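In this document, chain identifiers A, B and C correspond to the written order of the chains, with residue numbering beginning at 1 in each.
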Amino acid sequence: MSLLLGQIVDALGGALEGGARDTPIARIASLDAAGPGDLSFLSHPRYRQQLAASRAACVIVAPAMRELALARGACIVAHDPYVYYARATQLWRARNAPAPRGGVHASAVVDPGAQVHPSARIGPLCVIERGAQVGADSWLKSRVTVGEDCRIGARCIVHSGVVIGADGFGFAPEQGQWVKIEQLGAVCIGDDVEIGANTCIDRGALQDTVVEDGVKLDNLIQIGHNVRIGRHSAFAGCVGVAGSARVGAHCTVGGGAVVLGHLELADGVHISAATVVTRSLTRPGQYTGFFPIDDNARWERNAATLKQLHRLRERIKALEQTLQGSMNGRTPR
Amino acid sequence: MSLLLGQIVDALGGALEGGARDTPIARIASLDAAGPGDLSFLSHPRYRQQLAASRAACVIVAPAMRELALARGACIVAHDPYVYYARATQLWRARNAPAPRGGVHASAVVDPGAQVHPSARIGPLCVIERGAQVGADSWLKSRVTVGEDCRIGARCIVHSGVVIGADGFGFAPEQGQWVKIEQLGAVCIGDDVEIGANTCIDRGALQDTVVEDGVKLDNLIQIGHNVRIGRHSAFAGCVGVAGSARVGAHCTVGGGAVVLGHLELADGVHISAATVVTRSLTRPGQYTGFFPIDDNARWERNAATLKQLHRLRERIKALEQTLQGSMNGRTPR
Amino acid sequence: MSLLLGQIVDALGGALEGGARDTPIARIASLDAAGPGDLSFLSHPRYRQQLAASRAACVIVAPAMRELALARGACIVAHDPYVYYARATQLWRARNAPAPRGGVHASAVVDPGAQVHPSARIGPLCVIERGAQVGADSWLKSRVTVGEDCRIGARCIVHSGVVIGADGFGFAPEQGQWVKIEQLGAVCIGDDVEIGANTCIDRGALQDTVVEDGVKLDNLIQIGHNVRIGRHSAFAGCVGVAGSARVGAHCTVGGGAVVLGHLELADGVHISAATVVTRSLTRPGQYTGFFPIDDNARWERNAATLKQLHRLRERIKALEQTLQGSMNGRTPR
């Protein structure tokens, strides 16, 4: 299943230098793992030492790294080597595993009232309920549930175990018990969205939960009812977003972070891993909030002191006042 | 699928004022989203400004808001507008999607030794193992697994992807390896319990894991072996409860919180999102523990200082002693 | 389904003392729950008071507890009572539920190009894709997906809803959008691995994600692409491990912890629950980092002060300098 270097640049562009077009490439590999039959890439100048030591047949580099790369051997010069590498993986995938054809696996359960585009692919043991829609060229891998009236756009990838359109978590308290609020909205997912394994996106209470075009969600993410996620935002694994939160476009959320409900995150907000977002963030930027790891004994000491932090501040204030009084020749009360 | 205002009050009670019984209602909507064919609700006086501006055909309000509401147009006066709204959504659901009938979907795999009540509904691709029981009017949506000997009460809703009765996580260490402790208990779930998508409830080691009547669990929750969750408690998404913890009745746990094992939470304990419960909580109340979010640069400074917190306390103490000595005319050692 | 005490020691070893071999044992139970027909165990001397009060027919104890136990009644003296208990649960399971036979459930979807060992058991509604391999005596419970080319060793237990081999989360940013990096690696799982319900293990980008022999993973865990988990490590529920992290052998990770990407944890590292690992840990030991729980009002005060922690440190420093100057008879500037 090799490709020739010439075939790669013909397909993806870039300038092949210092090497022959008919060099066969067996696979793509990182700089340190690559062998003499492999294509590698230098995504950042800080890895330049690994470049020099790499045994790769050819390395994708940015124009600024061209001479350094040529001193080693063959290279493909490309504007953005990391994007070039991404497209090379797509070329490999297409070469080795022919693009899946549309169609519904015999074991899937698709309601007659659902609409699946002929070019969409519904994998084994999926469930597509009444009124649900799956757009052109979308691929539901296996064991995916798409609930009633939920809509998935074109060219989406939905990994195994995903649940789209379970009921949002809505109950009214009455005399110590919970009265169910039926969730009458649905889920609307745009085009080019990818959803990781076992992730859940709940249907809205009255209006729809919305995931806009180009959003990428990792595994085991919880998206509550009536959330809206803006275009091209990306969430790492195990994130939870509570009901009615609105996340802007081009945001990123790190793994295990929690976004509380009814908040608004501006476009370009970046949340670090394991951070709890408790208020709206109206300006782009990086936001963080988790307890720094330490060896357990030191953590215990600091954590215990943390519970007195407010009192420590009062003691500092008292010291300042005492000292100020002392400086002024007055005896503090 | 409209309902008339008269039909709504006939079904749910409350006093229709300032409007005609034959007004058709197309849907339920929030105050700001409602159009002239919609029913809305004022759940709290703080939203009264939205009430004045709402275009809703009719608004559900508490008695204290009656006059304000009548100044705008039609209203239904009800003791608890939020509960009334919840029951209205149920009316809508019943009207638009007829109550599901009992029965086992042809694609489900139900062991001949399982007991499914004739009025229970087992959705597509569920697995019900030997000795498992599902009570009257319970509904397992799709792709739910109920393990051997696990019991689900009446009127429960179990969303897609739920796993009830996987083995609890029990191993005995022996010479650097793990010896499996077979999990000989099961899971016992009461009546009127709702369980969110992809949530897991493990079977007990020796006795059963127990979820009492009326408990509501959101998506992607992990309930360890031998946990007991008291009546009418509610957990938001992504919560983890470790083995043998006992949560009281009428508790709430916020999203992403972690409850460690072998702890006891009294009735009426409320845990904030992302909080780690490391000790038993014997009094009702609200408990919290997560690092406050900040912009990343400030967080980094504070987090770095946090690691010296215990030493800062020592420095404050030293300052206090020095100053005390200085005040007393003594030179500190 | 009782066993006689004599049968138990014949199967598992240990010395039966103070009791008759023909005593029937109905079940295994904890010291406080055990009745007169039950076998119990004393795993640690700190529970010795429960031992004295237990109504168990027989108690498994360590040699040092022998006399104390005999004062109460029958006991089995064993080197490690907790391991003995574990093996007793296995005996019980084998007695009451005959070992599952190999075979593929009729409802499972197994690609003709997959290799399933004849002694492996593939439960209902599993999906085994092309090129995947399942080793001898492994048991996939129900609704498990094993993706293309992923390999599972011998004697593994994979609980319901697990997804092995979904795509790792890899995208290259290009002009505000995300270009998919096809994940060309697979997942390689060793022997004697147990994987909890709804856990996800992603396939590698270029090389494989690796889970070594004897690893135990609880429910709802996320393992990113190209992670390597060393032999006999154990992770509690809801843990997330980001891409390319390397966890050593004999590590433990508490529930809800997050391990960031491209880090290395040495053998014998133990991470407390809900801790965020942000740097490599090169020495064995216990590491912790979560905000201590408090009642909400106190937490709010301390959390607010925490945001000024860096400034508090500056104020302490200023106080120290002022006081030092004052001691030296100089007026501080």
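Here, contacts are C-beta pairs under 8 Å (C-beta built on N, C-alpha and C of every residue); 3 or more make two chains touch, one makes a residue touch a chain.
Heads up on the chains, UniProt names are A, B, C = UDP-3-O-acylglucosamine N-acyltransferase.
In this text, all values refer to a predicted model and were calculated from it rather than measured experimentally.
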- [ ] Using just the Cα atoms, superpose chain A onto chain B and tell me the rotation angle to the nearest 5°.
- [x] 120
Task: Copies chain C and chain B - interface residue numbers shared by over half, same or different - done: different
TODO: Between chain B and chain C, tell me the centre distance in angstrom, where each centre is the average of that chain's C-alpha atoms.
DONE: 25
- [ ] Could you tell me which residues belong to chain A and also touch two or more other chains?
- [x] 107, 125, 143, 161, 198, 220, 238, 256, 290-292, 294, 304, 306, 309, 312, 316, 319, 323, 326
Open item on the list: Per the contact definition, I'd like the list of chain A residues that touch chain B in the complex.
Closed with: 107, 109, 125, 127, 129, 143, 145, 147-148, 161, 163, 166-167, 169-174, 176-184, 198, 200, 202, 205-207, 220, 222, 224, 238, 240, 242, 256, 258, 260, 272, 275-279, 285-292, 294, 298, 301-302, 304-306, 308-309, 312, 315-316, 319, 322-323, 326, 331-332
TODO: Give every residue of chain A touching chain C within the complex, in rising order.
DONE: 27-30, 33, 80, 82-83, 85-87, 89-90, 92-93, 97, 105, 107, 123-125, 141-143, 157, 159-161, 194, 196-198, 214, 216, 218-220, 232, 234, 236-238, 250, 255-256, 273-274, 290-296, 299-300, 303-304, 306-307, 309-310, 312-313, 316, 319-320, 323, 326-327
